[in-house]
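See structure below.
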Amino acid sequence: MVKTNGDAKLTLKTEEVMVNIGPQHPSTHGVFRMRVTFDGEVVTELEPIFGYLHRGSEKLAEERTYTQVITLTDRLDYLASMSNNLAYVLAAEKLAGIQPPERAMYIRVIMAELMRIASHCMGLGFFINDLGALATPLMYMFREREKILDLFELVCGARITFSYMRIGGVSGDLPEEFMPALVKFINEMPGYIDEYEALLRENEILISRTKDIAILTAEKAINASVTGPMLRASGVPWDLRKSDPYEVYDRFDFDIPVGSTGDTYDRFLVRLEEMRESVLIVKQAMEQIPSGPFRALAPALIHPPVGEAYAHVEAPKGELGFYLVSDNSIAPYRCKIRAPSFINLTVLRDLIIGWKLADLVVIFGSFDINMGEVDR
Amino acid sequence: MTTQLDVEKLSKQIQQQFPDAVQDAQGDYILLKSDYLADVARYCHDTPALALHFLSSVTGVDYIDYFELVYHLVSFEHNHSIVLKTRAYGREDPHVPSLTGIWQGATLQEREVYDLMGIRFTGHPYLKRIFLWDTFQGHPHRKDFTGA
Amino acid sequence: MYGLGIAKGMIVTFKHLFRKPFTVQYPEEVVPRGSRFRGYEFTWYEDRCTGCASCAKYCPLGTINIVTHPEGDPKQGMDYAIDIFDIDTGRCMFCGLCVEACPYEAIQAGGPLDDATYDFESLYRDKHKLTEMAQEHLHGHDFTYPNGKQAPQPDEKPLHIGLPVERDRTR
Amino acid sequence: MDWFYELWPKLGEAFRGWLESALPDSIEGWVIYLVLGLLSMLVIVNLPIVGVMAMIYMERRLLGRFQNRLGPNRVGPFGILQPVADAIKIMTKEDIVPNGVDRIVFNIAPIVMLTPILLMFAVIPYGGDTFLTNLNVGILFIVAITAVDTIAIFMAGWSSNNKYALFGAMRAVAQLVSYEIPLLIAILGVVVITGTMNLNEIVAHQSSLPLILFQPLGFVIFFVAISAELNRSPFDLLEADSEIIAGFHTEYSGMKFGMFQLAEFAALMGYSAVIATLYLSGWEGPGLPGYLWLFVKVFFIFGIFVWTRATLPRLRIDQVMALAWKFLLPLSFLNVAITAVEVVVWENGLPEWLIPVNIVIGAGLVAIMHRGLNFQGQTRQVVPSGPERLAAINRPVGGGTE
Amino acid sequence: MLADYGYIGIYLLLATLIPVSMLLIPWALSFVGVKPHNPTPVKLETYESGMRTIGGSWIRFNFRYYYFALLFVIFDVEVVFLFPWAVYLDKLKLFGLIEMGIFILILMVGYAYAWRKKALEWS
């Protein structure tokens, strides 16, 4: 269609097309929906639409005892339930003034770091899947995740919804068959990470698809409350394990992988390296773990004094915080969840606009969000 | 270790700039009058000694008599944090100024608070329900919510 | 050199061609489960249960329904007789809080993986059904409780196999 | 082993004899000729359909092994009946034609897709004297007839009235069409050396040495271009599942969808045979009958396709286009030019010492030409880590007790 | 030679018949009752990630894709000229080589022009 404009220039008139990506889409990591406007292949407008998995966890928490809320936290980021448990339990302990015994803190650290490895496995695997690699890296990473889940099953009897941590400790001590299994796994894991690296890191297709794509500058990342690997990929060395150590993280020697440009490739590399550092932390924790009680003496139904507490942990996806308000009853008066996946999505629109359809899924994949946490 | 800023000192500092902004300063938070929220937030963000560039979370709490907005601010440079609070009164149309102009990270969180708690953020560019559908009646996180 | 990264990756996948598959063919092989496995079945031991209803209080979803009445000679110490003890495993999320709550280890998690049923009704287990399952478990596991402890004695008493009870869904 | 060679000709002869005796003399010889011709056609037209089942099974098993799992292993021994089960399932599935599609085009598209692919098998030589037709423009015929598939894909995508399908169709227009040219020019290198387009003669020309040795660069170009033509990974943009669900056949279900799959795999099989014929001396080989050699080569090439599919991520559309137009196209022209010069200089066949020279020239050209692509091959470090740090991470923890 | 094309013709009929029958067999199966057929309005909707589609998809799409189609036509025609030359190169010898060199050179000038004009970019 040739059309003559006012300035007598011949232009081809094309129409923009509006497409729903999600909620039923292979690469929206759940039931996320984006209403995207394309001009050809290029994204010109994007509106994220949330809420398909909204369950009202925060409201439900107001009607449960402090212990029962732990089961709700399992279902936030269901790929990293241990980290969620940890964050909630820390907040509740802060609120009630309960100090967990040292062994419990070490157990929690081991669990949280194993969870980080498992979660990053999934994050990277699905990210590569979005790149179109037909699930091969995903399958390898699933393999390692399964091994971690086997360990968790030994400890708490479940594979996804652990409900392992308790206010004042953990629900059960490490069973005797756990440590040998962990030793075996943690000695194998670096080899597997090397394997992923050989498979992916230098792959020219992956590099050309991710390098210099969707650059998130450090200023913008901080301003938009982005946390976790995304923030660190942008070059901000902010990790709550280092900058606000909780539990016993200040006793370990580990690095914070920090990217230089903040592009998709950096986000990929940061996660890859974080798995290594987690392995290192678990190794140190295994060597240092003391014996002793695994649970502080705390009443079954705690009545924390009137007040409020905010505790945050470095969950695999970013800063996971719980803000609890107590009115001295057995249930929290208000339980606010600072969900990293949700807040990281603030920059989604800015990052994706101007890139192509194929980049859209890759950039979105590099966010590594989890819908259970986004919609809560 | 992230240190808590000294609340008394900071509130005096703020009071020098905005004389009646601080309503209460105790424990580990500063309670501000909602009219001054945006100004104080801007001050916290821009003052180099404070440099609170990171808005960690925005929370709305329903205390029946009033709604309390809790802002957790962190400075990466100095590794310190502060909690700002403000109150919105009235159950029909509680409102506080939006902080989206200062922190982009507030956009989605304020939308969430608006959706679930029903607090209007004046000056928010796209204040729309986020989790619930547009025709939903009521705000579920209010204590008097009984069901749609 | 360009193309080297791809070649490296190709070698990695090629190596996997000769590795033993990690997956397990389910019905033939079953992955061994840990002793704490919170399975799809609860075993409840009537003889250990005192009817304190701790489990019901702890349950976040309220799937446990328990009704008791006092019984016995007041001089020798009153007991509670259990009229109703139901678990609606269809609503249960297997968090294991009830197991932790029970001071007498009367309710324990564990059980098989393959516990599919054809209707919701059979997921609702009353005390007869639970006892039956518990006895089945004890007989099948050398009179060991799921948590590894030895049951007191293989009793000679016949199993409590209750007749199917009509249940009112509205209750 | 002689009976093995003679099996099919003997069977043919026997059948012919039976036919001659069974039919009354009044019927002319041409009827027998026609019946025999039709029979062999039936065999050949069913060859891709049966072959595709084997290939689907092979692909799924191989992918499984590449991914450290087992693949289908339930239906029949080792799961070999899985494709049959799939075929039955797909035939009995509900055929959903959504509202708003262009019904005629929507229904014709699978036929347009499959027919040219089946036609392609008519000219492939399966053995010294086992072929249906002996076209003198054989290779050109194959490329020309399979190019019709672009239209079928566009028909399917456009008529679906679905935006994902539309994206797939649009990408098809750009991608399939672009890779046709490097493909043709790569074939030109073979034609220059052999001096014929007849596939039988091309095979005969390779009786001593396979042409891949003289055309290493041409082989690489052909392989890459054919991966793109058959939209195999890393060029499977037309049906990129993570982006546009299933691409052009998003709205298809039941047997129509099955026909797209069938056509895709049949094309893969056909083109694997073409690669074997052009570069790997076709059915020639010691010990086994020709058609078996061809199948061995076809499945070997197919294995490489599966391998790349198991390993590589997908390219983006602009990168795919750049690869075709800025890399493969000039490279293929250079390949033809070099080959033509060689053919003119050494009139009586190329000397064997040219083999390493050609490989070096090919590698050099690839190394030079890839600069035009702006592909970024540099990795990056994210943490200031050295070998000591890695050693610290990798150090084994002993014990197992506390 | 002509007989070969005759074969192809007959084979073409056969090759068309098979896909057609592939469509007809399931159609016939639906009469036997093997194949279900129970359309619902939701099932018959155009698939767009489970949402109602916004706007039609038969639109004037971005023409970037057609650039390549145009370029293809140019090059495809040239390649057709190249094939007869390739077959007879061993007879044309140096003359053919030089002549085709000139031909390709002209083509390459056009190609370079297109590259220069960024027709090969995907902006």
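Some notes on this structure:
Should a chain be cited, it is by its letter among A, B, C, D and E, assigned in written order, with residues numbered from 1 in that chain.
Here, contacts are C-beta pairs under 8 Å (C-beta built on N, C-alpha and C of every residue); 3 or more make two chains touch, one makes a residue touch a chain.
None of the values given here were measured: they were computed from a predicted structure.
Touch-path distance (fewest steps) from subunit C to subunit E is 2. As a matter of contact connectivity, taking subunit A out of the picture divides the rest into B | C, D, E.
Which two chains touch most often is answered by the contact tally, and the pair is D-E.
Of all chains displayed, A has the C-alpha centre closest to the centre of the whole protein C-alpha set. Chain centres here are C-alpha means, and the one lying farthest from subunit D is B. The greatest centre-to-centre gap from subunit C, using C-alpha centroids, is found for E. In this assembly, the C-alpha centroid of subunit D lies 15 Å from the C-alpha centroid of subunit E. Centroids built from CA atoms put subunit C at 46 Å from subunit B. Between subunit A and subunit B, the centres computed from C-alpha atoms are 25 Å apart. Taking each chain's centre as the average of its CA atoms, subunit A and subunit C sit 31 Å apart.
For subunit B, no residue reaches two or more other chains under the stated contact definition.
Touching of two or more other chains is recorded for residues 2-3, 5-6, 9, 12-13, 16, 22 of subunit C. Shown for subunit D are the residues in touch with two or more other chains, namely 66-69, 163-164, 166, 170, 245, 310-312, 317-318, 375, 377, 379.
Going by the touch rule set out above, the chain pairs that meet are A-B, A-C, A-D, A-E, C-D, D-E. Residues of subunit C that touch subunit D in their complex: 1-3, 5-6, 9-10, 12-14, 16-17, 19, 21-23, 25. Across the interface of their complex, subunit A is touched by residues 2-6, 8-9, 11-13, 16, 22, 31, 33-38, 58, 60, 93-97, 100-101, 109 of subunit C. By the touch criterion given at the top, residues 1, 4-5, 7-8, 10-12, 14-16, 18-20, 22-23, 25-27, 29-30, 34-39, 43-49, 53, 56-58, 61, 64-66, 68-69, 71-72, 75-76, 79, 82-83, 86-90, 93-94, 96-97, 100-101, 104, 108, 111, 115, 120-122 of subunit E touch subunit D in their complex. For subunit D in complex with subunit E, the touching residues are 37-38, 41-42, 44-45, 49, 91-100, 107, 110-111, 114-115, 118-119, 122, 132-136, 140, 158, 160-166, 170-171, 173-174, 177-178, 180-181, 184-185, 188, 191-192, 195-197, 245, 250-251, 254-256, 258-259, 317-318, 321-322, 325-326, 329-330, 333, 336-337, 340-341, 343-344, 347. Looking at the complex, you find that subunit A touches subunit C at residues 64, 67-68, 70-72, 74, 136, 140, 143, 146, 150, 153-158, 161, 163, 171-172, 175, 177, 195, 198-207, 300.
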